[in-house]
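What follows is a pair of complexes built around subunit A, which joins subunit B in one and subunit C in the other.
And then the complex of A and B:
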């Protein structure tokens, strides 16, 4: 890790308009949870686990936040040509990737965790928690790391990381994984839900992820290590574009 | 004992993008002093500088910096300073913070002092506290140069460093580069402007269409450029009479009449331009227009390639 790079990346990410938009977007799960409670619906545990957390937060908000921060941490510098000021320094490439990952992970986890804690607390107000709040809090922090590593690798790999990332989230994870159960091993969303299951203590009718907790944790760790390795390898051999 | 490796050695280097050859079998070695990398836009200058700075892998050949490969070698950036052509800087950083960032990433023992010194070298003290996002093009160039030399590199690579600089800034930057070269540093800068290279570089590498068209002492190459054959288009009151009079002049070795225009070929630019008013006067012809046809830099370069 490099403190100078961490501070630089934090200033970069915090100063972007998309960060402000993301913070506003973080209010959406909270507002939906408030509406749910006001409407006085039944089965708050099932709604909080399967609809609010699994579908809205882990299915949409978490990958979008990770996509924004994960691709911007390094990708925006490739885009505007400032990457050359970092890469022309005697810094091991793994230090650059890890420093950038740390910031994007903390930013993603911070925003999503806050939304998860507030929205879930509202949804389960006066109801038994049964590990739902803690389980999904742990899951979004872990999922943020895997997603950020994946999207950072994409940003080093292609200048269209945002588009590729959106296709991954909405087509691969949103459609393909649902249609073909066999590809759940290649879905960060399924790893995240599986990790939540390590703490969430509710019947399968309320929340039933497709991956077991151990499988999910191992696959999440492997995915993080592999994508980080690929990002470092790619950065070592990064070539400046003719437009750069 | 073997001789120390030259700061920069380029050995039969080529680089291509698919079917397009950007740099074609170029070899040269550079030692301390200022060398200008001259060539028209798109000639391959930036590709060569990117390869030297380790940001492009050569498709063939070898690029060595102090005897080490430039590719996949971040350690060499301790000894190299790089000024990229793109004017992008971190817009939210002040000039001082931008240079300090470079000093800190170089892990200098006293980065604050090094940053202040580098900023003073480019005379940017007054604007150092302002965000670089509001800088003019010339100021961005200077802050980029300050960041590149903050760690006192032995080699400085600059891609079109005078773009956007006003004449006073140019002179100041040139004086600074001369001083650095006098201290034994190896400086390579690219430019598509002949006069810029002429004023600064002792040695020159001329790249045209990816090939090394000429290299060596600039005055010799300049002479080649000046003495090459020139063609002039002339419009006059009587092209035919003027043509027959000009053929008798020793500086002219060919004339051609076509579509109301007289085309004259000469091997001596200065002698011809001195002679033509007298020849026309004696022949009783008025000249309405006299225009050299091949004065673009590209034509000068392509002449060098053909030789």
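And then the complex of A and C:
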């Protein structure tokens, strides 16, 4: 880890205008939870787990936030042409990647965790929790790490990491995983949902992920390490003057 | 000082010539911009890496048609044919991805490279520029919405025993298919371009377009299915929902039970009106943006 790099990245990622927009973004699930409570429906547990957290936050908001931060942390340096100033310094590549990852992870997890905590608390106000709040809080923090590592690798691999990441999230995870159950082993969304299941203690009717908690944790760890290694390897082979 | 006549400076005569040839004028400029933008949308004439993404997304839009034709060719001709309105329900996803990926290229490229001043100093007017770009983008989207169904129609026709019979049975769907395909392309394309034109940076433009599609979608879903009442009007908020509603209206099909369009209880023609309104608003915003932008 490198303190200067972390500070610089934090300043890049959390520019004033973008932070305001992201806070508005985090307000959307909260607003939806409020509307849901106002309408007063039955089965708030099931809604909070399967609709609010699994579909809305983990299915849409977490990957989008990770896509914004994960691809910008290192990708914007390549886009602006400033990557060369970092890569030509005697800083080991893994330190660069880990510092950038740390900031983008914290930024993603911060925004999404706030949304999860507030929205779930509102949705389950006066209802039994059964670990839903804690489980999904843990899951989004872990999922943010896996997504950020994946998108960071994409951002050193291609200049269109944002689009490739969108295709991955919405075609691969959104459509293909639903059609071919075997693909669940290659879906960060399923890892995240599986991790939530480790703490969430509700019947399968309420929330039923496709991966067991152990598989999910092992696969998430493997995915993080592999994508990080690939990102570091790509940077080691990077040559000055090469267009990213 | 010598008199001026002695300095009959042939050295200053650089031999500039007037251009006496044909001037192709504004119309030609607009058409050229249209065709070059359309080519650029699919990466034709660009390097290989800018071709990959538009082509992958286009292939995704064609996949159901290809699969259905393949199955029909191998198994039998008794396979259920995909209904046009269901195809439109599917094709919205690749269209949205195409908007997110390509709309920033259509508008942002000239802003980033600072070539707008070159365009505007020619016969082309600002409004022409905006409309040509918009028309080209909408045409590119129509390739995604209409071409797969054209392929399906021709393929199924050839696979059936009697081509003339098949076309005779299915011709009624054709005007409806075309209206739907054009409507989807116009509404989604115009608004996506209006959003993307606000910033020169590709990443921000992509995120903004994606946010329009994906943030409004769950909001509309929850407001319609869970909240009800006045919240049901939110079905007109999310592009996926109002565009699909308009398709149902064009094909005169009842919405599926418990779908957003079913629960919203809005008359289906309202979705058609929404498509027209979004297309008009998007077009107006694109024209306004390029009317004011500093070139």
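As a convention for this text, the second predicted complex is superposed on the first by the 233 of 244 C-alpha atoms of A that agree within 3 Å, B and C clash if a C-alpha of one lies under 4 Å from a C-alpha of the other, contacts with A are read in each partner's own complex, and residues count from 1 in each chain.
Going forward, a contact is a pair of C-beta atoms (placed from the backbone, for glycine too) under 8 Å apart; a residue touches a chain by one contact, two chains touch by 3 or more.
Just so you know, these numbers come straight off a predicted model, no measurement behind them.
Contact with subunit C, but none with subunit B, is seen for A:162 once the two complexes are overlaid on the shared chain.
Looking at the shared chain after the overlay, A:8 reaches subunit B, while subunit C stays out of its contact range. Look at A:88: by the touch rule set out above, it reaches subunit B but stays clear of subunit C. In the superposition on chain A, A:42 makes contact with neither subunit B nor subunit C.
Counting residues of subunit A touched by each partner, subunit B versus subunit C, the larger count belongs to C.
Of the two partner chains placed around the shared chain by superposition, subunit B is the only one that A:239 touches, whereas subunit C remains out of contact.
Common to the subunit B-facing and subunit C-facing surfaces of subunit A is no residue whatsoever. The residues of subunit A lying in touch with subunit C in their complex are 25, 28, 31-32, 35-36, 38-39, 41, 47, 51, 55-56, 60, 64, 67-68, 71-72, 75-76, 79, 158-160, 162-164, 166-167, 170-171, 174-175. Against subunit A, the residues of subunit B that register as touching in their complex are 17, 46-47, 50, 53-57, 72, 74-78, 80, 82, 84, 86, 88-90, 92-93, 101-102, 104-107, 147.
Contacts from subunit A toward subunit B in the complex involve residues 2, 4-5, 8, 11-12, 15, 80-82, 84-93, 236-240, 242, 244.
Listed in rising order, the residues of subunit C touching subunit A in the complex are 49, 53, 56-57, 60, 93, 97, 100-101, 202-203, 206-207, 210-211, 214-215, 217-219, 222-223, 226-228, 231.
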